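The structure's right below; bear with me while I get my questions together.
Which chain is which? They are A, B, C and D, in the order written, and residues in each are numbered from 1.
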Amino acid sequence: MNSRCNGLTKLQAIVVVIVLVIGVAVGGIFAITLLQPTTPTAKVEEIRVGLVEPLTGTYAVFGNEAKMAAELIVEQINAQGGIKSLGGAKIKLIVEDSKSTADGARLAAEKLVSVDRVNVIVGAFISAHTLTMLDVTEPNKVIVMADALVDYLTARGFKYIVRLPPKASVHGATAVDFVVGLMKQKGEKITRPVLVHFDGLFGEVTGDGVYQRLRDLGIKLVDRIKYPTDITDMAPIIERIKAAEPDVVFVVPYFADSVLFAKAVKTLGLKVKFIAAAGGTGLADPDSIKAAGDAVELMTNTYSYDPFLPTEYNKKLVEDFRKRYGKLPTEAAGIIFYTLWTLKEGLELSGQKYPQDPLNGDNLMACFMELDLKSGPAAETYPTGRIKLLPNGDNMYAGAVVLQVQGGKPVLVYPFEKAQASAIYPRP
Amino acid sequence: MRFWQLASFGGFLLLLPLILGLNDYYIFLTTLILLYTVIVMAWYFIGGLAGQLDLGAGAYHGLGAVVTGYLMIYYNVSGWIGLVLGGLAAMGVAFIVGFPSFRFGLKEVWYALASLGLVLILQKIFLLWTDVAGPLERYIPFREFDPLYMRARAKWFYYYITLGLLLITFYLAHRAKRGKLGLYLVSIRDEEEAAEMLGIDTRRYKLVALLTYSFITAVTGGIYASMVGFYHPILFDGWIGIQTATIAIVGGLGHFWGPPLTSVILLSIAEYLRINLGGTIPGLHQVIFGAILITAILFKPAGIGPYLESLIEKVRKR
Amino acid sequence: MKVLEVRDITKKFGALVALNSINLNVDEGETVGIIGPNGAGKTTLFNIITGFLKPDKGTVWIFGRNVNSWRPHKIASLGVSRCFQIVKPFPSLTVWETVVVGSYLKSRDASEAHEAALEALKLVGITDLKDRLSRELNIPQLKLVELARSIATRPKILLIDEIAAGLTPTEVDKMVKKLKEIKERLGLTLLVVEHVMKFVMGLSERIIVLHYGEKIAEGSPESISKDPRVIEAYLGTKWAEMREWS
Amino acid sequence: MDLLIDFAISLARNVVLGIMMGSVYALAAMGLALLFGVANLINFAHGEYVMLAMYMAYFFSVTLVIDPVVSSIINIPLFFLIGLVTYFLFFKRVINAPPLSQIAVTVGVVVLLRNIALVIWQAEPKAPPFTIFSASYEMGPITIPLDKLFATIISITSLILLYLFLERSKFGTAMRAAADDVDAVSMMGIDTGRLFLLTLGISMMLVGLSGSLIMMYQAVTPTSGLLFGLLSWAIVALAGLGSIRGIYLAAVIFGLADALASGMWDPRGREIILYGLFILILWLKPRGLWGRR
C-alpha cells in the first residue's frame, strides 16, 4: 500500500512473528477456557431458558404479552420448588428482543446460544423469525419451543423443535368451520367469500388454510387480497372488498393492521354478513378492542388458547394474570402458559430418566416425545386438554377456539358445545 | 512509525476472532460492523471523491443479497460466484439509474432523494416479484462448513471474508485517491465545468465511481445473506444509505481514513449501547447515536478525520 | 491553415439575442482578440466554441470538424483549452494536483503527467505556489493556476477570458510578455477576450468587436482603434482608454 | 359491458380518493416549498417533522380524548414553536451554508427525530381510536369517507388563506420577493433573518396542520417520515417553486397516482409508481411543470 512498508527489516520481521505468536497464544487460551464444553455434572444448579420475543417493533404487542406470561409462569414454577427431579433446580429466564425482524431474532439466538449457553429457547412468535433461529439452534442441539404457528416449521426435518399450539392451517380451517356452522344454524350458506390477509409468511399460510378448507367444501373465493404488513391506509383495500360484493370476509391480520382494518370497515360502511379473522392476532383480543374501540364489535378471531377454559388452574392463572398486568391473557400469553408448563414436565422426566445429563438436547427431546399430558397445569391451559407430540414436534391433539367481541368484551363462541354465549350473526 | 502502526493494526484484525474467544456472537457483531464499514469505504468513491450524496446503499446491498441468495438456494451456485454476479447486477441497476441521472445533471438534494427513492422502488419490486423474493423469507440451505459453497456455521469464516473485502476496498480506494481516478473525481466534485474543459468526461467518471461503489456494496449484501442464512426484500433498507452517508459526513466528507475510523467507532458504540440499553429502553441507543451524529455535524462540520489530523499536526509541532 | 471556424452562429436566451449570425475564422498560430462592452456576447461565444452551450443556429468547426453536438470534454481532447472569466479553481486540490489534472489528458502514465505538469508550472512561472491549496490563493494567482492547468493539457487553441482584470499596468505588460512567450514555445493559437485595452491591443494580431450580439468590426488593432463604429459603440467609458493607448 | 362499468366505478372511486389524498399532501409539500423557495434551505427532515406532527396529533387525541382534527388547534402553534427551536438549534448555523452542509445537518435531524419517535411510541403503527368522522357519504356507487372529505376542505381553505397572506400582507410580499432575489429584499430594508424565521414558522405550522389531518384516517410509524418526505419533495419537483396552485395540482397528481396504484393495481406497489414518477420527473422536467426556477 505504501512504499515505505516494502522494506521489511529483520528486526521488524521478528517483532511481527512475536506479536503473532503471543496473539495466537493469548487467543487460544481464551478460546479454550470459553469453549470448554459444559461437562455433564450430576448437580444442575439452574436451567437457562432463553425467551426470544418481538419486544419492540411491529409485533411488540404480542412479544410483551408473551414476556409477561413467561415471567409469571417461571415465577410460579420456581416458587413451587423448581424442577424436583433435578434437586429443585430453578429456571432462569433470559429475555432477548428480536426487534420484530428476522435478523434480530437470529442475533438474539446467536447470543443466547454462544454467550448465555441456554438449554432451551422459547420463541420467536413470528414464524419467519423462528426459522432463522433454527439455523443457529439445530447444530448446537438447543431445543426451540416455538410459539409460532406456520405449518412448515415442523415439516422441514428439524430435530430439536417442539410446537404445541395449533398450526396456521388449523386456524384457517377453524375460522371456516366456525362460520359455516354458524350460518348452517340459520339455514344459510357462504356464497361469496373474500379473503384478505397481510403478505408475510404467517398471513400466506393461514390464508392458504382458509382457502383450502373453503375449496374442500366446494366454495370458491371471490377475491383474495394481500396487503403489506406496514400498511397505513386501509381505504383502498376496503374499496376492493366492496367491489367484490362479498357476503363473508375472512381476514388474517396482525395487530396494527387489524385496528386499521376495523376502523376502515366502519368509516367506509362495509356491509357484509360476517367478518371472521383467523390466526389469533388482532381484532378480538383486549389490546385490539382498546385500540380500535367499537369498530371491532362482532368481529371474531381464532385463538390457540382459551382464556375461559373452565379448569381450576386456568381460572386461577387468568385471575393472577389480570391482577398483575390488568388485562385478559390471549394468544401470545396463552401459548407461553402451556409451553412453559410442558417444558417443566419434560425437565422433570429428563431428571428421572437421564440423571447424568438431563439437559442434553437429545435426552430432553426424547423426554418431550414421551410425554402424554392429560392433567396438570399444561393440560389445564390447553384448549383441547391434551398434549402429546407427534414425531415432527407438533401436538397430536391441537385445536383452536373462536372468540367474538360482544359488547366490547371477548366471548368464547366456538367450539359451539363449549361456548359461553352463542355467536351473534349476522352483522347489522 | 507507519510500519508499526500498520503491522500491529493488521495483526490485531487478523487475530480478532481469537481475541474474542471464537465466540460466534461477538464475531458476528464484529463482522457486521466491518461489513457496514466496507460500505462506508465504498461510499468514498461516489460520495467522498465524486461528491454525490448517494443514499442508495440499501438498493445495492439488497440486490447483492437477493442475487447471491437466490443462486445459492435455487441453482446451488457457490456464493462466491453469487457475490460477483450480484455485484454485476448492482452495477447494471446503477448504470440504468446513474446514466440518465448524470446525463440530466441531477445534483445535491435531488440526487440524494432519487437514490433513496431507488431503494424503496427496488424493495417493492422484489416484494411483488414472488418468483425471486416476495414477502416470504427465503432460506439458504444449511452447511456445517463448506467454503466452496461459501456457507458455514462458524462465524469466523464470514469474518475473514469481510476482512478480505475490507482490505480490497481499502486498497482500491487508496489507489484511486493517489491516482488519476481520484484526482479526476475530486476535480469534478469541486468544479464540474472546469473539469470538463480539461478534457474529463465527467459523466463517465461519475459513473465509474457509482459502479465501483455499487459493486462493493452488493458484495457486502451477498456476504450478509449467506451469514444470516436468508434473504428478504426488507434488506433493501433505506436506512443503510442514510447511516452510511451520515457516518461519512461525520468522519469528514472526502477524507480518506476519517469515515472508516468513525464507522468502526460509532457502530461499536451503537452496538454497545444496544446491548446495554436495548433491553431496558428500546430505541434509546439509537437516540444517543443520533445525538452523537448531529453534535458532530454541527460542531465539527469538517468532520472527525480532518479534526484529528489537525490535532496530530499540533502534537507533532510541539 | 484554418483551425477554428465559427459559421453563422445565433444564440438566443428567451427574447434576448446574445449572438446574431456571427462568423469568425482563426488561422493556426494567430492571436485574435475579441472586445466589446458588457453583454456583447463574448463569453457566450466562448461557451459555444467550447461546447457548454449549443447554438440555436450555425456551426462551429474545429480542425475541420463540426463540433456542434460535442460535449466540452471531447472538444478539449481535440486540443482546445480555456481559462474562465470567473475563475473556477478546485478548492480542495493543491496547485500541483490541479495542474496534474490537466496534464493527464495527453499523458499515458503518471510520470509523464507529472513531467508535463512541472513544465506547465515553469512556463507560467508559479512553481513556488506548487504545494499551496487552491482555496488559499488570491484571484490573480488563481488566474495563473488556471492558465497553467490549461497549458498542461497541451492545447493547440487556447481561449483566454479576461485574465488581466485587476492587474496593474506593469503587471499587464508582464502578462502580455508571458503569454507571447508561452505562445511561441507551444505554438498556440490564442483567442482572447479582454476589457483591458492595453492588454488586448498589445497581444492581438487581429481584433473582432462585438456589440449586442452583432459583429460590428474586424481588423488589425490599428484599424479597429480608428473605426468609427467601434468608437461609437465604445463612446463614453472606453473611449478615453482607447485614445490613451493609441 | 359489466366489466367496463365495474372498471369505471372503481376508477371513479379511486379518483375521488386520490383527489382528497392529494389535497392533504399539498399542505405538507407547501411547507417544504416555502422553506426551500424563500429561505433556500434544504430540509431533508421535512417528512420527519410531518411524522412528528402525526404523533403529536395522536398523542393529544388520546390523552385529551379529542378528535385528531381538533388537535390541530394545539399542533399549529406547537409546531410554530418547534420551528423556532429547530431554527436556533440546527438551521441557523447552515442557512447560508452550501447545500451539502444543509443536507448533512438535516439528515442528522432525520436520525434524531426518527429515533426519538421510536423511543417514545415504539415501532408499531399508532392510530387514534376514534374520530367523529368515521362514517361515509354514499353518492351512488361512490363512497366518500367523511374524514378525508373534511381533511380536504380544511386543507384547501388553509391554502387559500396562505395565498391571501402571501398576496396581501407585507411579510407575504417580502417572502415572495425573497424567493426571487434575497439580496434585493435585504436591500429593501427587511431583516432577512426574521423573514427566514417566519418562513420556517409558517412552514412548520403547515406541517403541524397536515399531521393532524393525516391522522384522521392514517396510522403513523417512526418510518412514516420517509414516505411523506419523499412525497413532498416529489411534489415540489413536479410543481417547481413559484405558485401555490402549482403545488396543489402536483399534489393532486401524486394523490391520484397513489390512489390508483393501490386501488387498481396492488397496495404494495404504490411506492414503485410514486417514486418512479418522482425520478422520471427529475430526469425529464428538472425545473418542474409550473416552476419559475
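Throughout what follows, a contact is a pair of C-beta atoms (placed from the backbone, for glycine too) under 8 Å apart; a residue touches a chain by one contact, two chains touch by 3 or more.
Owing to the predicted nature of the structure, the values given are computational and were not obtained by experimental measurement.
Fewest steps needed to get from subunit C to subunit D, stepping only to touching chains, is 2.
Note on connectivity: the fewest chain-to-chain touch steps from subunit A to subunit B number 1. Chain pairs B-C and B-D differ in how many C-beta pairs are in contact, and the one with more is B-D. Of all chains present, the one whose mean CA position sits nearest the global mean of protein CA atoms is B. One finds 44 Å separating the Cα centroids of subunit B and subunit C. If you average the Cα atoms of subunit B and of subunit D, the two centres end up 32 Å apart. As a whole-number value, the distance joining the C-alpha centres of subunit A and subunit C reads 76 Å. Separation between the centroids of subunit A and subunit D, computed from CA atoms only, is 39 Å. Listed for subunit A are residues 56, 199, 226, 228, each touching two or more other chains.
Looking at subunit B, residues 127, 282-283 sit in touch with two or more other chains. Residues of subunit D in contact with two or more other chains: 118, 122-123, 266, 268. Here, these are the chain pairs in contact: A-B, A-D, B-C, B-D.
Every residue of subunit C that touches subunit B in the complex is listed here, in rising order: 50, 52, 71-74, 76-77, 81-82, 84, 88-93, 97-98, 100-102, 104-105, 110, 113, 146, 149-150, 153. Those residues of subunit D that touch subunit A in the shared complex are 6, 9-10, 13-14, 17, 118, 122-127, 129-130, 133-136, 138, 143, 145-148, 217-221, 223-224, 227, 259, 262-263, 266-268. Contact residues on subunit B toward subunit C in their complex (touch as defined above): 179-180, 183-184, 186-187, 189-191, 193-202, 254. The touching residues of subunit B, when paired with subunit D in their complex, are 51, 53, 97, 100-101, 103-106, 108-110, 112-114, 116-118, 120-121, 123-125, 127-128, 238, 242-243, 245-246, 249, 253, 281-284, 286-287, 289-291, 293-294, 297-298, 301. Taken together, the subunit A residues at the contact with subunit D in this complex read 56-61, 100, 199, 226-228, 230-233, 235-237, 239-240, 242-243, 255-257, 259-260, 263, 266-269, 290-293, 295.
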